[in-house]
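Below is one structure. I have some questions about it.
Read from first to last, the chains carry the letters A, B, C and D; within each, the first residue is number 1.
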Amino acid sequence: MDQQDTKPHRWGMAIDLDRCTGCEACVAACHAENNLPLSTPDSAAKGRAFHWIRIDRYYEGAFPDIKVKFMPVLCQQCDEAPCEPVCPVYATYHNAEGLNVQVYNRCVGTRYCANNCPYSVRFFNWFEPVWPEPLTLQLNPDVFVRPVGVMEKCTFCSQRIKRAELEAKQESRSLRDGEVQPACVQSCPAEAMVFGDLNDPASRVSRLAQSGRATRFMEDLGTQPKVFYLKRGE
Amino acid sequence: MATVAEIPDPRVRTELWRPLSRAGSRYWIAVTLCAVIVAAGLAAWGYQIAKGLGIAGYRRPVFWAFYEADFVFWIGISHAGTLISAILRLTHAGWRKPVTRAAEAITVFALMIGAILPLIHLGRVWLFYWLIPYPNTRLLWPNFRSPLLWDLTAIFTYLIASSLYLYLPLIPDLAQLATRSRGWQRNLYRLLALKWVGSDRQWHALERAMKLMAAIVLAIAVSVHTVVAWDFAMAIVPMWHSTIFGPYFVVGAIFSGIAALVIVMASLRRFLHLESYLRPLHFDNLGKLLLLMSLLWIYFTVAEHLTIWYGKQPAEYSVFESRIYGDFAPYFWSMVILNFVVPFMLLSIRRLRSIRTVTICAVTVLIGMWIERFLIVVNALSRPRLASAWGAYSPTWVEITITAASFVTMTLLYLLFARLFPVIAVWEYEDVAHG
Amino acid sequence: MERRSFFKIIGTASGGMLTGACGNKARQIIPLLVPEREIITGAEEWHPSVCRECGAGCGTIVRVMEAERKTRQGNENVRERIAAIKKIEGNPLDPVSGGRLCARGQAAVQALYHPDRIRGPLKRVGARGEGRFEPVTWDSALEIAASAVKKAVDKDPARIVFLTRPEASNRSAAVASFLRALGAPPASTTGLCDFEIERQAAEVVFGWRGLPVYEIQDADYVLSLGADFLGGWVSPVFYARRFGHMRRGRPGRRGQLTHAESRFSITGSSADRWLPVRPGGELALALAVGYVLVTGNLALANVAAGLRNGFASVDFERAVKISGLPAEQLRQVARDLGRSESPVVMAGASVVQSNSLDAVIAASALNLLLGRIGSKGGVIPPVEASIAEFADSRAHTVNLLRRLESAELVMLDSANPVYAQPASAKLLARAPAIVSFSAFIDDSSAYADLILPDHASLESAAVVVPDVTPDRALTGAQPFVHPLYDTRATEQVLAELSKILGRALKIDTPEDAFRKLFAGNKSDWSDAGEFAKYCNRQGGWWTESSRSAHASPRFELPQLREAEFQGGAAEFPLNFVPYPALQFGDGSGAHLPWLQELPDPASSAMWGLPVEIDPKTASRIGLKNGQMVRMISPSGQIEAPAYVHPAAIPGVVSMAIGQGHTHYGRYASEQGANPLTIAAPLTDPQTGAFAFGATRVRIEKLSQQDRLVQFSAVDREPELHRR
Amino acid sequence: MLLTAEFLTADSTVQAVSALRAEGFSANDIELFSYRPLELPEGMLERRSHISLAAVLGALVSGTLTTAFIFFTQHNYPLVTGGMPLVSGWATGVVSFELIMAGAVAGVVLAFLREGRLLRRDGAPPPALKDDSAFLRIECPQESVPRVVRCFEVAGAQDIVEETETE
């Protein structure tokens, strides 16, 4: 019998801003994986477009000494998530693996969590999502299609975690580092994103999180995010 | 020693009860008009439930907007009655007597409206009962850490307490009315009179109960609006996360409550011909109160904004800047004019203080306070911490209809109330008029 | 029936670079098609495929699962269980994608399930360009097509114009042999994103056929000159992976990137230094840097005298002036290049100017000065094509308008000349016959007399020789889902046409291609069938191959000259730079909703692309974001919303290519403006490539404030006015 | 015996009450009926009230129940929260405060109903109140009737009704 996981996983991510090119492959990957509702020009203009992961861009300086800061922003899966205590029905809560989970079925749509998220990564289903046929054929059966009135956000591709864990269980082994990859991490051409178990000190993400370049986004708020950003170098 | 009142003057009763027996065609036209608008509001809500909240102007990042502003506004208005009448009752302010019931009725109606608005705002209103702790097999349980649940309990308590607070002193009047009316009204009054016989035991119990209720309701009212303020202040949204939001909201609530009361009184005086009961004295006193609250309000407003300006924390300052100099500046400055400049100029000069000016100020204050609620909700949300998520909100016909309907609901409820119940406590009034 | 079996590749987090032979789970034979009755609900299968959204030829793996297809047959709603494609990822075995994939590649699944795909052959009923068609049967469609071909052949086969995509594949081979059989000239491309300039320059400078491979992953200093290699140039996934490695893949060593381009592309954004060169000033920049290298003794000693003298005789002052950059900055770049241990210069023309070929030649020559040919972290020759026949059949750029002028028959295969060069619309309108193989009614197909729709690429068998690859490569795709509609693979249609015309045409399937490879190579495999099976299963064949690190330069250094522009500077004060958008490429990705809603990296625009104007010019005209402007060039005018781009070069306005399709499905039709509409009809004289950057414009502010839909409207962190 | 007398002025009512009290009748047996509250001199008809006690009791009961309810149900509720505590003192405090207040209100109202003898059907029917008079009713044994009547008449009662208790 192989060794079984004794300690729960604590999933985390490291994003190397020195590698990130801002190419948005992760954004497309997320749409493809997670059945994000399609926007239309109208809905996008009204601020109803969905991007669980987005590339924030901030220009700094003026021509010709100008820089742009690209930063992929997704749910930071905070350990002390501000979205959690405000939900009156426990629709957003922490699961055993430290993921900040949104239970779509339980959500009544107060949208308080979205207000209280300092990273603005939560999206609300203002309407029932529709896909013109036959685009529905693409929908990922592993991922719930969220109905109207429900909040949603990045899940760290929990369906992929689940699949990998089940597979490992079937084979009576523990998960290997890098075996689970959310869609964004998987797609990143510059390999700027690394996903893994923060409870495993040998995992790549743990080592990157320890590196001197690692910072967390708005750490001063005390949210204890599990996404680590590695600063750009010179 | 013994101060015993004179035997009542039947004229008072006749005058105060006149509206209950007579309703002209103008009344019914008004009721119909109001009912139509309220129905339109309900239809808009129904349409929103069918289609989704998206037909309103809501968007990321402004996840709360009109409905929440309306909610805070109406909960604020609800402080008209209970709080004002309780304060006056506890301080034995004799002039309160013709004012209290009018005020308490505002409370109950405003609370009813206010309590519905959170439902309108829900994404899945058909599941609202999931906020209530009840045994179930679906692992549903409300989160008592959420300020929304505090809200739920606070409003529940307040609605019950203020309804009873309105109802208890109404009982003697109902008992009298029961003897003097016919048909369904007689049955209604008799049912509601709870077999009141007018014994001194009952009068004594009523007096004791009302004194206690005044104290309790005062505590509840303060806590309710504090909890409403905490809906915002508990969140780490820049310009929401403020320690003075509790008292600031309470002050604003009393402020708008008095304004609403003045408007209601002015209307009652005009339409029910109660000139000899709602006298300039009452308006003058309420005008002074309004002025006091206006000063308190500007004090809190300055205190709130000055610290932000001086501290210049980027996230908060972004909101501040858009409010003072930016997109929201027109709203902010008109709010200051409506809530402070106009009332201060008209009310602080004694010569200018009249029923007309007090009423004008009340109207400006109501508008100003609605803008304040709108600013607090929308302005802060449209400037979240991350500039990349900033966005502008504009309402659609849905929110506008529902908001309009909320105001008309108040009118409608008042129209019906004034038709069914004496808006001035006859027994109390007699007491003071001849005591 | 063969037992259904799984193919699955676990994405491995590769610490290093090329994850060529990472540990995979045991792979079994892929079934060519998954029989629907054998699909298991909830079970996933991964099939290898090849991405054909651009010419890079990334190997992919495709996730297939059960889905329910709803159709209407007569008056009945029919639901059937089919195998459907859920997701596309990079194939970890493939040296190009390395298991990664760009946004366009991932969105390709929407082209398969696009609601506006053509469902069967169509015959035009409306006027040319109107886009009204009626369905016909394949038999009659083939007949009509055959007679059109016959008519053209009878008249003059040289006047058959076949436009196809810029790739080397079984498709290009089929097209080539079809045309050869007719005696028609070879197929050509529409001239956008086909990198013809770079190919010719490599031939001239190094004597290489194909695109050079830049080993930036091992470089310490990269100067990329006009090559937006992270934003879509040549092989974006390939180079992004190498870029990542250059930056942080080598502990303690971080490569520097200096990027010269006349707009702030994402390559410029990711660079350590961006050199905002004037449009058309790339040649001057390359020559000036070379001049400093040569005169500052930073170049190799043993450089050919001609080259050395060529650079030494550059008029440095004038070159600096043309480039629009400070002289000191150019000197610094040259010093950095010269002093770096392993520098490399990437030469490209993401935006083609009238002097782009010279610019790419001069920039490539800098690698000769630095002695970076074939060395680690330098530039290495393209590998020998795995199948020469495919490589040889690649379509090249021609002077499109001139060709169309006299066209007797135009055939369109995934080519959209009306969009790429809008001036071709009126030529198409009067072409005697047009046959399209497009899967969508696009701008050009709207002119076609007949549409013989191709399968979506995920439904067809294909085998592609990638554009740029470190190893010899052949990447293939088997069809593993049934075609949704009554479409036919274009190779097959061409064969059928040939048959009707009485000529035989041999079409290579991936199987054939791999068998051919086996024949041409010694390998461990005992028989060709087993080998082909193996290739099919892993999605292709890649092998290390030796290459000669030798360059045989046979060229003269181009003379310093300014680029040509249409429009006088007085009347048209601004340079106009239309550029291939990251999300849409040459515009062919615009019909996919995921790409439409992908926020543009520069402006965050969704569902539309703005004109990017620098803040100074914008404030002079009084523009704010979203203000509609009219851009007027000597060739025409377009209207688009403005985006005040903080990093735009003053006097240079740019606009991404991709919107403004007249026809291209519901998501792209009549959406925004096509910047190429106003591009000057200038071409690079040697290659015939469309110099779409050679335009000058003026801008007029329009009164209306149209919609600029941005996901993030704020592009700077708030500057607080501390009042 | 129940004796009910009608008085036309407040003063005469007070006079009657004080006379009765001087005669040694218990405040418990005397009851006044009027359309409006009549203020009697301090201690003349002291009515002991337990309404404040009821308020405190109501508050205590509801406070205990609420806190226990929140605490126990949350502790026994099998909800996974990944370490987030289900009970937090501050939040429970806010909710408890509101429900304590609700309990106090309930206590007040229930005590009011009880002390005011509202909703009761027992006893003799109350006098039919008139606009311009107050009624004084006293429950007394048969032998005291003349004393009561005298007190009434001295104070100026209009009309004295004598009835035997029905139950």
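Keep this in mind: a contact is a pair of C-beta atoms (placed from the backbone, for glycine too) under 8 Å apart; a residue touches a chain by one contact, two chains touch by 3 or more.
As the structure is a computational prediction, the values presented were derived from the model and not from experiment.
The central chain here, found by comparing per-chain C-alpha centres with the mean of all protein C-alpha atoms, is A. Contact tally for A-C versus B-C: the pair with more C-beta pairs in contact is A-C.
Inter-chain centre distance (subunit A to subunit C, centres taken as mean C-alpha positions): 30 Å.
Distance between subunit C and subunit D, defined via averaged C-alpha coordinates, is recorded as 90 Å.
The distance from the centre of subunit B to the centre of subunit C, with each centre set as the mean of the Cα atoms, comes to 64 Å.
Residue numbers of subunit D whose C-beta contacts span two or more other chains: 79. For subunit B, the set of residues touching two or more other chains reads 141, 145-146, 149, 387-389, 391. Under the contact definition stated at the top, the residues of subunit A that touch 2 or more other chains are 54, 56-58, 85, 90.
If you check the complex, the residues on subunit B that touch subunit D are 1-8, 10, 13, 133, 139, 141, 144-146, 149-150, 153-154, 156-157, 160-161, 164, 168, 171-172, 176, 179, 194-209, 212-213, 216-217, 219-220, 223, 227, 230, 427, 430-431.
Interface of subunit A with subunit C (complex): residues 16, 18-25, 27-29, 31-33, 38-41, 44-45, 49, 51, 54-60, 62-64, 66-68, 70, 132-142, 177-179, 181, 183, 186-192, 194-196, 204, 230, 233-234.
Against subunit A, in their complex, subunit C makes its touches with residues 10-15, 41-42, 65-67, 69-70, 82, 84-90, 99-104, 106-107, 109-110, 112-115, 230-231, 236-237, 240-241, 243-245, 247-249, 254, 264, 266-267, 269-270, 272, 274, 276, 484, 582-583, 593-595, 597-599, 601-602, 604, 606-608, 614-615, 646-650, 666, 671, 707, 709, 711-712, 715-717. Interface residues of subunit B facing subunit C in the complex, by the touch rule stated above, are 312, 314, 317-318, 321, 325, 387-391. Only residues 43, 46-48, 54, 56-58, 73, 82, 85-90, 106-112, 114-116, 118-120, 123-128, 148-151, 218, 221 of subunit A touch subunit B when the two sit together in their complex.
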